[in-house]
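There's a structure below that I have some questions on.
Note that the chains take the letters A, B and C in the order they are written out, and that residue 1 is the start of every chain.
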Amino acid sequence: MGKRTIVPFGPQHPVLPEPIHLDLVLEDEKVIEAIPSIGFVHRGLESLISKRDFNDYLYVIERTCGICSFMHGMGYCEAVERIFDVEIPDRAKYLRTIWCEMSRLHSHLLWLGLLADAFGFEALFYQCWRMREKILDMFEASTGGRVIFSVNKVGGVLKDMDSAMLKGFVAEFDSMEADVRKLTKVFLKDYTVKSRLKDVGILTKEEAIQLGAVGPMMRASGIELDTRRLGYCAYGDLDFDIITSNDCDSFGRCKVRIEEIFQSFSLIRQAVDKIPEGNIVVPVKGNPDGEAFVRVEQPRGEAIYYVKANGTKFLDRARVRTPTFTNLSPLIKILQGCDYADVPLLILTIDPCISCTER
Amino acid sequence: MLKIMSFASHALSNLFHKPVTRNYPFVERKYPERTRGHIDINVDDCLFCGICAKKCPSDAITVDRASKTWSIDRMGCVQCENCVNSCPKSCLTMANTYSAPDTKAIVDTFQGKVEETSNAGGKIVFSAEGCVYCGLCAKKCPANAITVDRASKTWTINEEECAKCGACVAACPKKCLSQESGEAAKATAGGEVKNDLDVCVFCGLCARKCPQEAITVDRASKTWTINKDECVSCGACVDGCPKKCLTME
Amino acid sequence: MITQIICALLYVIIAPFLGGLLAGIDRKITARMQGRIGPSIFQPFYDVAKLLNKQIMKINNMQYPFALCFLIFVVITGALFFGGADILLVFFTLTTAALFFILEAATTNSPFSVMGSEREIIQMLAYEPMMLLVAVGFYMANGTFSVAEIINAEYSSILRMPGLFIGFLYILTIKLRKSPFDLSTSHHAHQEVVKGITTELSGRMFAFVEIAHWYENVFLLGVIGLFIINASWWSIPLALVVIALCYFMEILIDNCSARVKWNLMFRSAWLVTLIFGVANIIILQYVLK
């Protein structure tokens, strides 16, 4: 047995995009155990529900996280709409779907970049992020925001995209798809990259079920589950397969996310083809009473929104179960026995969003 | 097969193409039309109703009805556009450029015209005659102050919430809503509050109603005092008095 | 003898400027390969100038002397090399310098710094055999260890030692701390060991280490030149071209690979040493005799 050292990893560590703390028990460069602690970016967003009108709270909840902000806002709106029992217009559903998939695209491209950075491939990181930049520009052109979109509303969406804009986006996505395809070769074929990803951080199917992995982390362990199959928004009308991989390692997670990028391109194209004309919002009057529970597939996995209303304009409770939270236990599992050099990489393979987790 | 340097084609093509980054801050960025940059106000149209301040999730807006000022904490603003969407007079707009960075918080204050009469009208007057309880007024109301129940044929307005913007009057298809003129509203408001101490029971309701906490009532010593500097002559105490001993002069 | 002393002095004076400029060009080209505008090519000088004016946070009393020794020994290495001394001596002086650098990091208590120093030792183990073989190869090709005599040979050394040249380029990636072998410290801190071996350096101390790296890089590129330069005058511009090409290749490799783990680095470096280095030596010994 070698000498044991404890390396404090985070909350401020250059490789971490967000503050999470891990006490890594090392034996030379092998990680024996990882002890996580969280709570560095808690902002008390959930408790603000008692101080904000349920309509205005939307702007609070979508600030839970800067990557899936659209889906946070949407999940909350869907939950409140379910309490009101209103059906939003079809066009709004399609617009939401398109923005959801754009969020997924930018989240996965961001992740690919961070992954590249984690294994020390800076140029690849920049290459991914400049593609993501284009998606942010599209978000800005369509919603007005690059990170926080504020286009959702209980009852629909606030902004429309005309057909010229949608066609322009699809053309942009076509050229982007070719670029991503070229980059895929680097991620999945390059020798140095593969040497860092293959057989690193193995999470078997059984472990994934036991530890409650969600999202690409779970699908890379061969579990076929995707909340989008529930058919919220316009997903019921669109044609897509659940992407899985049986690699069970970091390479598999990378592959699943890359394939999901192509899936998102296809979903956006389908949605643009099928989008109906019409209203984008239905008026919702009065105050909600009752409770609702909504599941949404975020880029990082399944998120759950629970909203309880009491007939006043202030709700009793709005709760989010974020994907990163459930993915933390698989992370601790895969960190045990890994090389110290793989720690940043493994933390990234769960695509952590700590600000989501702590709210 | 050992595949190395697969990124070389990207790297070399980047090397011989123009960089994609911009020399910030020397090269200006062109913002799309919809960019949510900062809030602008056309203060001349503003009613100072305060709906924007109430809706603001980050409490960045402060509206002072008395001095007719509207101010925004530029760094507190999260550019959610909620105020723009809820402004009854559409005097708020979202501009697509950002406010300049600074080392301290910037608060921009806009002063409305003081000398002129208020843009706000008076009370909303409802006449049940002609009303079909369609609910259009409730739908239009930016403050959600109106409740219409078609089944029981009731129309109620929450005076506290009402911003007196007149949106409901304009929306009413049957013209059964009207609004007292701003001048009339001003006539009832304004002036000094007088108390007929012979009638007064010193219940303290007026003190509770007063938004400025200008009134002090002591039941034990049977005293009623008003701080004239604090009083804004809103008339809330007069309306709230159960004994009708308060008058506005 | 006088020219040799002048050359050594010239190296001591010019090398930091040349090395800094080289680092600046490296950063600019790297930025352009990544699609960025990048900093001015004089940025490394601005950085070091700023560091020189910053407060030093000394971890212990030994850290600063060790860092200074690193600088001094690197300067001696280069001065000996450009002064035309024994190439074997030059390589051993460089190893001594590297040892001081490792000691500097090992004296601190920071896990990142200590881990960086451990990795630096592994890196040394990986590149040292090749360095020795290169020295031996120069002797076998030219019959002398003296740099002054090697550059006056009739033919460029590379003609007799192409395998050793390739092997040297391979370990140069380790020495220049370029990806995929930037294990002990990398050019940016996005690494599990933060800045590895240089994590605990600060202020003037860090500036000196940075300057030492500039000296070291100029010396390493000088070794590439040694492979090319022969008695004729045109070999000098040719050497400069080869140096530029090799450095560009290093930058390209840096931008086209992920950071590998130590065992892969170690294995591949020794494999290259074995295939290119040892084979070249065998050929020199038995075929070109």
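Note that a contact is a pair of C-beta atoms (placed from the backbone, for glycine too) under 8 Å apart; a residue touches a chain by one contact, two chains touch by 3 or more.
Predicted model, so just to flag it, every value in this text is computed and none were measured.
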Pairwise touch network: line, ring, star, complete, or other: complete
Chain occupying the most central position, where position means C-alpha average: A
Inter-centroid spacing, chain C versus chain B (mean Cα positions, whole Å): 68
Whole-Å gap separating chain A and chain B, where each centre is the average of the chain's CA atoms: 36
Whole-Å gap separating chain A and chain C, where each centre is the average of the chain's CA atoms: 43
Residues of chain B whose C-beta touches two or more other chains: 4-7, 11, 14, 20
Chain C residues counted as touching two or more neighbouring chains: 33-36, 255-257
Where chain A touches two or more other chains at once, by residue number: 121, 123-124, 127, 130, 190, 192
Chain A - residues contacting chain B, complex: 52-53, 56-57, 59-60, 63, 121, 123-124, 127, 130, 133, 137, 140-145, 148, 150, 158-159, 182-183, 185-186, 189-192, 283, 285, 313
For the chain C and chain A complex, residues of the former touching the latter: 30, 33-36, 111-112, 115, 179-180, 182-183, 186, 188-192, 194, 255-262, 264
Residues of chain B touching chain C in the complex: 4-8, 11-12, 14-15, 17, 19-23
Interface residues, chain B side, partner chain A - complex: 2-7, 9-11, 14, 20, 31-36, 55-57, 78-82, 85, 94, 96, 138-139, 144
Partner chain B, residues of chain C touching it in the complex: 29, 31-38, 252-253, 255-257
